[in-house]
Amino acid sequence: MILETNIDDMNPEFYQYLFEKLFGNGALDVFLTPIIMKKQRPGTLITVICEKENANKLKEIIFKETSTFGIRYYEVLRHKLDRDFSIVETTYGKIRVKKGYLDGKLIKAYPEYEDVKAVAEKTSNSISDIYRNVMRHIDLLFFKD
Amino acid sequence: MILETNIDDMNPEFYQYLFEKLFGNGALDVFLTPIIMKKQRPGTLITVICEKENANKLKEIIFKETSTFGIRYYEVLRHKLDRDFSIVETTYGKIRVKKGYLDGKLIKAYPEYEDVKAVAEKTSNSISDIYRNVMRHIDLLFFKD
Amino acid sequence: MILETNIDDMNPEFYQYLFEKLFGNGALDVFLTPIIMKKQRPGTLITVICEKENANKLKEIIFKETSTFGIRYYEVLRHKLDRDFSIVETTYGKIRVKKGYLDGKLIKAYPEYEDVKAVAEKTSNSISDIYRNVMRHIDLLFFKD
Amino acid sequence: MILETNIDDMNPEFYQYLFEKLFGNGALDVFLTPIIMKKQRPGTLITVICEKENANKLKEIIFKETSTFGIRYYEVLRHKLDRDFSIVETTYGKIRVKKGYLDGKLIKAYPEYEDVKAVAEKTSNSISDIYRNVMRHIDLLFFKD
Amino acid sequence: MILETNIDDMNPEFYQYLFEKLFGNGALDVFLTPIIMKKQRPGTLITVICEKENANKLKEIIFKETSTFGIRYYEVLRHKLDRDFSIVETTYGKIRVKKGYLDGKLIKAYPEYEDVKAVAEKTSNSISDIYRNVMRHIDLLFFKD
Amino acid sequence: MILETNIDDMNPEFYQYLFEKLFGNGALDVFLTPIIMKKQRPGTLITVICEKENANKLKEIIFKETSTFGIRYYEVLRHKLDRDFSIVETTYGKIRVKKGYLDGKLIKAYPEYEDVKAVAEKTSNSISDIYRNVMRHIDLLFFKD
């Protein structure tokens, strides 16, 4: 289920709080798109992706926390990769890795951003250096090429 | 009903006129999204929200007034707050106020932008000062907190 | 059919290659929308428009060539102008022209960008001068006004 | 002189009024850029281009009409085409045309949007048809190619 | 001092970490602008505003934490409102308020977002209701109109 | 040197050609920023970065190939990493690698996108798999961590 609403008259400070509320109440994803609305207004399109059973609760949050008077919604299908998680031992310690399978075949594996960030905050290395190091461990473990 | 079309080969001056034509023929809302199209083109996605019975007339306007050769359309549901209007007496005179109700409970009330702007044009006060003043009258009238 | 996926963790260099792969496998259109995702990430929404019979092949390309773990898809209707092509003789030689008809009436005619560009590369005239010249030939040939 | 300020906490309804105030007080151009600010905020960068002697007045308007606490400014040079205006007789009547000269040579000529729009509002023709017609008259009058 | 760099080949997940590092090392402001770069790339322009004495440290962070090979920088002047802070007693308790003065005259006063958010997290009221309530207390205290 | 111009009345098809012309005449970088201009126009800010000695030639191209009547320009300083190139032997053959040095120390090394893309076009592997493989070879060769 997709929920969408256009906002052209709300203080942009409130979006962060809105994100937290929506993610805390079952939103699968939330994102903002800059748009141009009538009367020269730089508006924002809010898109919320959720399961059908959470839609009502999320709509109520949007109505309460934003300035909107109307929410559009429609159903979409979702093709998701099968996924599981591994813990990978790297130079920097254990890191969670998210893996995706297409037709039973492992096609991608990425480290969890929060784990990489946590390492970056504890060392003087750059986050991209750590990410690359972690990727190397992942690739050697899961991929042959 | 949502109508959408991507434009990558039209003079951007024409959008203002297009907005006027669409709103003048039953569009509920119209907005533009900047997009990146093939061949390095900064394109524009036009989205028109309308009732089903106006869709054909609006599609014809889009075909005539833009460079597009195709329009996508699909139906969405809309959850709207019940709404009514009040006239509120403020320091600056009468201002129309739009109110929204969720499950019968008043949850929001905003002044009409055009009325606030009209006041700003007649006084030397800033539009945000006037807006705040009007909000204060609205809040005292409609909300207890 | 519309395929959509949000990308917040992929090197933007890969999009050009992705466009080529998607257009080479039946996509009718592909475009990118800049969005704001959770955790301060400047994300990208990829939208692919395609016929239903190509959707599976295109989804597989998206899964393989991007970092995404899920693709949303839904059906839309499309209202297309009837169209045909003419070759128009201009000051600069033959140029292909795409024409669109609404209810049997010719309402638009535009030169193919690639042909105009090819002329611009061979002459010292600007691309907009050439375009205007070509438009003049088109208008005189197809429109009375 | 360029004036710039980032806005992340203002109701977007106010921008239209701000544009009118700025253009009415000597701004040469005003435009908005969607940006991503700290804490997940979809912000707006306001850019005002003006002559040095109007900068103070325009800064005061920005301070009064927006929520900003600081304005950045710097000087830029401007290379402008020499320009003049003509009145061109078209199928639709007289239209003002803006012409640009590089090193004394006429290199561009465009109709005034407001004049083209005024014609579109009085006829049933599309604005792009009218624009093309007007361009044809301009080209035949001013360019040889 | 303004530091700017274009990024077209970096995983967008890293921006949040970059923001934290830059703000933690003296950046006055940091923001991202979506741009379109060569070869169909949706790039990101990073802008950092800082005092001159912090520029070198911040440039080093940008070089280490992003994929860029070059940083542009130039000086701008800044016109800042004189400002001070007050604590305002509201229905929800004490809230910090930032006030701005132009030529010695108080022209604006806004609550600190973090304080408003903290209240919203503790009550069941919406953040905009709380904000409006706080604004009302601010206006009654500091402005006469 | 930075050259900037706002475009609100040009067919977006022409940008690709403009990029080619500008890069072919000494531009160091060119990028587009979506902006909102007066009268509801979705405009485009063109930014060209160049050495001072190429500015006049590039300005002339912009005047000829776009609809603009004015170009803003100003000087900026640039802090560039020292850089050199290596050829790295990978599973997929030789790939050019661009390396960057801060204060004499190698801090980054990235494969040339064109080389990675060329491999992707010849194999059935995804471009991100190839990129990761190449990065692994680069990291093992140049970095110890």
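Points worth noting:
Each chain carries a letter (A, B, C, D, E and F) given by its place in the written order, and its residues are counted from 1.
Criterion: a residue touches a chain if its C-beta (ideal position, glycine included) is under 8 Å from a C-beta of that chain, and two chains touch if they have at least 3 such contacts.
Bear in mind that the values here come from a model prediction, so they are computed numbers and not experimental data.
Two copies of one sequence, subunit B and subunit C, touch each other mainly through non-matching residues, since under half of the numbers at the interface are common to both. Looking for a copy of the B-E interface in A-B, A-F or A-D, one arrives at A-F, which has over half of the same contact pairs by residue number.
Greatest Cα centroid separation from subunit C: this falls to E. Among the other chains, D has the CA centre that is most remote from the centre of subunit A.
Look at where the CA atoms of subunit A average out and do the same for subunit E: the two points lie 23 Å apart.
We define each chain's centre as the mean of its Cα atoms; on that basis subunit A and subunit C are separated by 28 Å. Among the residues of subunit A, those in touch with two or more other chains are 9-11, 13, 16, 19, 32-34, 36-40, 42-43, 64, 67, 74, 107-108, 113, 126, 128. Because contacts link each chain to all the remaining chains, their graph is best described as complete. Residue ranges of subunit B in contact with subunit D, taken from their complex: 10-11, 13-14, 16-18, 34, 64-67, 113, 117, 120, 126-128, 131. Every residue of subunit D that touches subunit C in the complex is listed here, in rising order: 36, 38-40, 42, 91, 107-108, 125-126, 128-129, 132-133, 135-136, 139-140, 143, 145.
Here subunit E touches subunit C in the complex through residues 7-13, 15-16, 19, 32, 34, 37, 39-44, going by the rule given at the top.
Residues 2, 19, 23, 29-34, 49, 74-81, 83, 98, 100, 102, 107-108, 110, 113 of subunit B touch subunit A in their complex.
Residue ranges on subunit E touching subunit F, taken from their complex, read 4, 6, 9, 33-39, 43, 45, 59-60, 63-64, 67, 69-74.
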